[in-house]
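After this come two complexes, each holding chain A, first together with chain B and then together with chain C.
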Partner chain A sequence: MISIVWAIVFILLAPVAGGLVAGIDRRITARMQGRYGPPILQPFYDVGKLFEKEHIVVNETQIFYVICYFIFMVFTGALFFSGADLLLTIFSLTLAQIFLVLGAYVTYSPYSHIGAERELIQIMAYEPMVILAAVGMFVVTKSFNVSDIASSTIPVVLFIPGIFLGFLYVLTIKLRKSPFDISTSHHAHQEIVKGITTEFSGPSLGLIEVAHWYETIFLLGFVYLFFGFNPVLAIIAITVVYLLEILIDNTNARVKWQLALKSSWAIAATFGVVNLGVLYLTGV
Partner chain B sequence: MAYLKKSPWIIHYDASSCNGCDIEILACLTPMYDVERFGIVNTGNPKHADIFVVTGTVNEQNREIILNIYNQMPNPKAVVAVGICATSAGVFRECYNVAGGIDMLIPVDVYVPGCAARPESIIDGIVTAWGILEEKRKTMNTAPAAADAAAEPGPVVQEPAGGAQ
Partner chain C sequence: MEIVQLLLFLILFPLIPAVFMLLVGKDTERNWIVKLSALGIGAVLVYLLVTGSNKGTLYYAIGSEPIGLVMFAIEMAIAVFILYMGLRYRNSLVVALIVLQTMIMIAFEAMYAGKVEVQYNLFIDQFSIIMALIIGIIGSLICVYALGYMKHFHEHHPSCLDRRNQFFCILFVFIAAMFGLVFSNNIVWVYFFWEITTLSSFLLIGYTKTDEAIANSFTALWMNLIGGVAFSVAILSLATLGGGMMGLDQLLASGKVIALIPAALIGFAGLTKAAQLPFSSWLVGAMVAPTPVSALLHSSTMVKAGVYIIVRLAPIFQGTFSGYALAFVGAITFLLASGIAISQTNAKRVLAYSTIANLGLVVACAGIGTYEAIWAAILLIIFHAISKSLLFMAVGTAEHHIFSRDIENMHGLINRMPRVAAMMVIGIAGMFLAPFGMLISKWVAIRAFIDAPLGFVFVIILAFGSAITVFFWAKWMGKIISVTPDSENIEGKVDRSEWMTLVSLAGLSIITTFIFPLISTFLVEPFLLRNYGATAQLGQYNIIIMIMMLILLVVLPLSVLLPHKKHKHVMPYMGGRQTTPDMRFSGSLGIRRQMELSNYYLENIFGEKKLKPLGTYLCAAIIVIMLAGAFATGAFL
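Take a look at the complex of A and B:
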């Protein structure tokens, strides 16, 4: 019963929280660049505007895929916050992402296609590390259930610091921040126009934005799991992690996809696998 | 709700401009003027844009491109012609390779004269375009057919000044 309440709270409040996080992100980014920056509520104005615009559709199917992307992204977060199986949550997240890729592929735009291809590469890049994070949490807490991990009194992060650092590395990919904003970016006009979202306009684009807010809150919830033993510390950790992501975003140039893929796998193979090996050898 | 006023995204196209006005447009995005504080974002994608900011004159090579960008933008949309070349072709009006200002091809909502237009006047032009966007949204909702007809660029019958000889 509690779990359903958590899922409903997530569905209702995550867009509000996610939009505010995006707004604060834009303001801090502006301050880092020596600018004043937009209002904190700017992401809500943007999405409100997008829903007022005409809906230009290249292929009717793309609306279907965008709605599927949105539904599965909400489903992912709802599963996570209801305390369900962490692996199922990760598979649902991947499925949501695949729907977005399909939505970009059904249009015949080269920019949309290159964005879709790069999105697939990004999925390949972050997936091993995210799975390793789930496995690491299982080894430490003996459970794949989010509810068990979150309420565990074991200081998870102290047992899997390598996996935590590796997760932070792929978090940059998931949050679509430089240096890994290769599939879609606000700053890559000459390279990919707008990448995977090039052919989405008006309400479709608004829905993608809202889905990304849900995703952000889900990912910050994932960071919470590492610090579940101390909620206050967890909130501080989430804040520090997000500020660190903004700093990385503003101090790095976009890399080529080869480097994004290789470095993510290298991090997963070293930090992640070595950490798991140490846990195995010490018999935790 | 009038969200359009709070989040006008622009697309910038240099239609054979000398780059003077374009540098001034990009100056608006710098910390000195920082138009993002009004929610203005320079998108590179006509499908995401609300305001088409165009500099330079129309000629035979960019005619197709200007029309293409304009037609790909979802309604409601506004066009801001920046610089005297975009406004009326300026000193290049009589050139054999210049067809005229942007308004000979697509309906222009705001003219920002100047050579080059100053960032302050460009920002003023874009702020003026918000009100026009909001009016267009109202007509779009009440009479979609009329708005569609108004949004059509219409056949281009005007010959380039100086003829094709």
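Take a look at the complex of A and C:
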């Protein structure tokens, strides 16, 4: 049931795949903005350079939290790809995320403090929907195990279309895309400087970047679960979903956290209740 | 030794130190007696665990008379005392309630007590053992903590009359009553111990005798008396409609229809004691009492008595309309109390609302009443007791050093009071992070809800509530661990008895997470198998994964000890502004300001003023529906 091989494959290849996705993302974004854009491998050059830089910190403990963030993010993805329990994977993701938030808190810096608070609001915004997505998958496939859901022949997405749409909504938060790049942004600068990552530089920032690559691959894997009955369709769906996220990123202005929280919750509550309610009434 | 002797020992033994506490004159005498009593209770509990946990349910026929008469006499004495207090402080509500309750009990005693046949007055099963361990171990640790705390308390509050003798006496009576409550099979006995816990909490909350303390102790009293009235009506209905069926075992075996009305009434009493909405304010108000009282009320006694009785009666509720209504009260309380916790800056109020929320989850599980849900409920009771008592006492100790219980004043606690802050961080992590106990329990609850009919509604509530929980715990944790420029170690000497308790509880919260599979296998699962014919388990892989996470979490902090090269240090980025090393900068008009950071409390969304009235009306309405449903079912069938 648990496949160590897949976990190892994830640990080794996810940063490569995640970096490539980031590179392609930047290129497409540039084209949408009428620019030529950097080479596809640019994210790797950037991270490589970050690791060469001097390690400047506000205090020593922040490095500890970033390392914990990284380890648990890798752990989360490895759990997921090994086919473990989906809820446990989600809780592990929260744990990883909390370490990043704590890393920002320890610096006692105004910008990263606001970033940390906003990151927590984002966690609060997306988590119900992600849990409901796992629950929806359980109702359809009768299992919480990623391995069972992924190999299920049931067209999951047809049973939980509402939950799928809701998940796409919060995926924007998780991928740190506009309009929900509230706590920190991929783009050069925002009203709170670099938000949660303001006080991280050099190797620490590099580690955060690589952790985000891991996270991206994990999240795209999550999208796969909706389409596990047909792997080809799943790959197409993942591509379309990511392109859609880039489009949304480039066509929307950042919103306030109030709107991000309320809209995510409204969507999770409506789509969750309606979708799970219909499944319950139809006896699936 | 016979197990029944152990039960009697646990119920009666705490009364001995209770009497001694009234007599002692010196601190050292008190210290010795409390510590030895704690050891004695702990040793007997371990013996009980070893000998009693594999024996299933055991019933003991202890002669009802003259114990019944003695209990009745004590009840009457308590009633007279409460009546006196009600008259003295002119609280007509309390007077009315106690008169009503006493009249019901006198009527019962005069007309029906003779006809009541209870074969077994005492009993024990794995659930009782779990409760006894929580009461005994955590309760004793709190008593030990109180030794140091109360000494400092009176140093800091010279205006408060030193009545420590009474204080410690009540603590032990409280613990004895809790033991009695979880070992009694006779519902009249349960009621007797129930009333003692009401009285004890009333006296403890009012300990400082300030106006606020007295007002809050009366709030606690009248709310719990409402529960007491409901409980006495339940007894009366058992005596009349139930044909004198007065044993918990008989009630559970009698079939749902007959049992539903008394169960709903006792369940209602449980809601008042467990401080569910609309009865939450007594527990929030109870924090005016010294910290050991809060720790005791929130973790091992009082509120746990409320959820204990509801979980006991869960088989009756399962699948009934009233059961669902009960579960809804719990679920809504969980959601709204978690939300209110976000808006609170006072650490003790955050803890209080978090307690109310978690008890709500227990009630929701019990109302659903499937074996999986009960499994989740029992795990929640265990883990909540440990983490919450740890947190209360860590906050209490910190308060005596920083002279504030406001979370905003806890910034940089990791440097100012490193050891206490570490305990606090462990406590907070235990409340909401994987792989610690509370999160395991919530996970189990999600699975339990999904499998229950209409459970998806509860799953959705739980998903939102748990996301809210993450927010208020994480921001508090961030406050504690942030490294502030003005930090200077002020920890000094933490009192040894306080320190011992904090370390024991922090250790317990980590150890119970490690051995949680064993607790489940040897205590919870046998209980479920016997009462529900089925049991829940976590898969082996999941347990391995959680143990891996826990090991990582224990090992990673040690990496700080590894030799590493010093990095270049800079000041936090201040938008390019000139800043001094202690983070002062020139503000507008050239005024020198210090940089200060404070957390988000989202008052506009989660404010107490917004959510509490909503919860009060909603839950009150559902409770009325629940009772009406029970009476309707009882009347029709």
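Definition applied: the second predicted complex is superposed on the first by the 277 of 284 C-alpha atoms of A that agree within 3 Å, B and C clash if a C-alpha of one lies under 4 Å from a C-alpha of the other, contacts with A are read in each partner's own complex, and residues count from 1 in each chain.
The rule is simple: a contact is a pair of C-beta atoms (placed from the backbone, for glycine too) under 8 Å apart; a residue touches a chain by one contact, two chains touch by 3 or more.
Just so it is clear, the model here is predicted, and its values are computed rather than measured.
K.L.:
Quick one: is A:64 in contact with chain B, with chain C, with both, or with neither? Answer first, second, both or neither.
P.N.:
The answer is second: A:64 touches chain C but not chain B.
K.L.:
In the superposed arrangement, does A:28 touch chain B (first), chain C (second), both or neither?
P.N.:
Neither: A:28 stays clear of chain B and chain C.
K.L.:
Between chain B (first) and chain C (second), which, if any, makes contact with A:20: first, second, both or neither?
P.N.:
It touches nothing on chain B or chain C.
K.L.:
Tell me which of chain B and chain C touches more residues of chain A.
P.N.:
Comparing touch counts on chain A for chain B and chain C gives C.
K.L.:
Is A:92 in contact with chain B, with chain C, with both, or with neither (first, second, both, neither)?
P.N.:
second
K.L.:
If you stack the two complexes on chain A, which partner ends up touching A:45: first (chain B), second (chain C), both, or neither?
P.N.:
In the superposition, A:45 contacts chain B only.
K.L.:
Figure out whether A:193 sits in contact with chain B (first) or chain C (second), or with both, or with neither.
P.N.:
both
K.L.:
Which holds for A:55: it touches chain B only (first), chain C only (second), both, or neither?
P.N.:
After superposition on chain A, A:55 lies in contact with both partners, chain B and chain C.
K.L.:
Share the list of chain A residues that count as touching for chain B in one structure and for chain C in the other.
P.N.:
54-56, 193, 198-199
K.L.:
Over in the complex, which chain B residues touch chain A? Could you list them?
P.N.:
Counting only chain B, the residues touching chain A are 1, 3-4, 6-7, 9, 31, 34, 36-39, 41-45, 47-48, 50, 72, 74-76, 137, 140.
K.L.:
Quick check on the complex: what are the chain A residues that touch chain C?
P.N.:
Answer in residue numbers: 1-2, 54-61, 63-64, 67-68, 71-72, 75, 79, 84-85, 87-88, 91-92, 94-95, 98, 101-102, 104-113, 116-117, 120-121, 123-125, 127-128, 131-132, 135, 138-139, 144, 193, 198-199, 258, 261, 265, 268-269, 272-273, 276-277, 279-280.
K.L.:
Can you list the chain A residues touching chain B in their complex?
P.N.:
26, 30, 33-39, 42, 45-46, 48-49, 52-56, 186, 188-190, 193-194, 197-202, 205
K.L.:
Per the contact definition, I'd like the list of chain C residues that touch chain A in the complex.
P.N.:
Going through chain C, the ones touching chain A are 411-412, 433-435, 439, 443, 446-447, 450, 454, 456-457, 459-460, 463-464, 466-468, 470-471, 474-475, 477-479, 481-485, 539, 541-542, 545-546, 549, 552, 556-557, 559-560, 566-575, 583, 595, 597, 599-600, 605.
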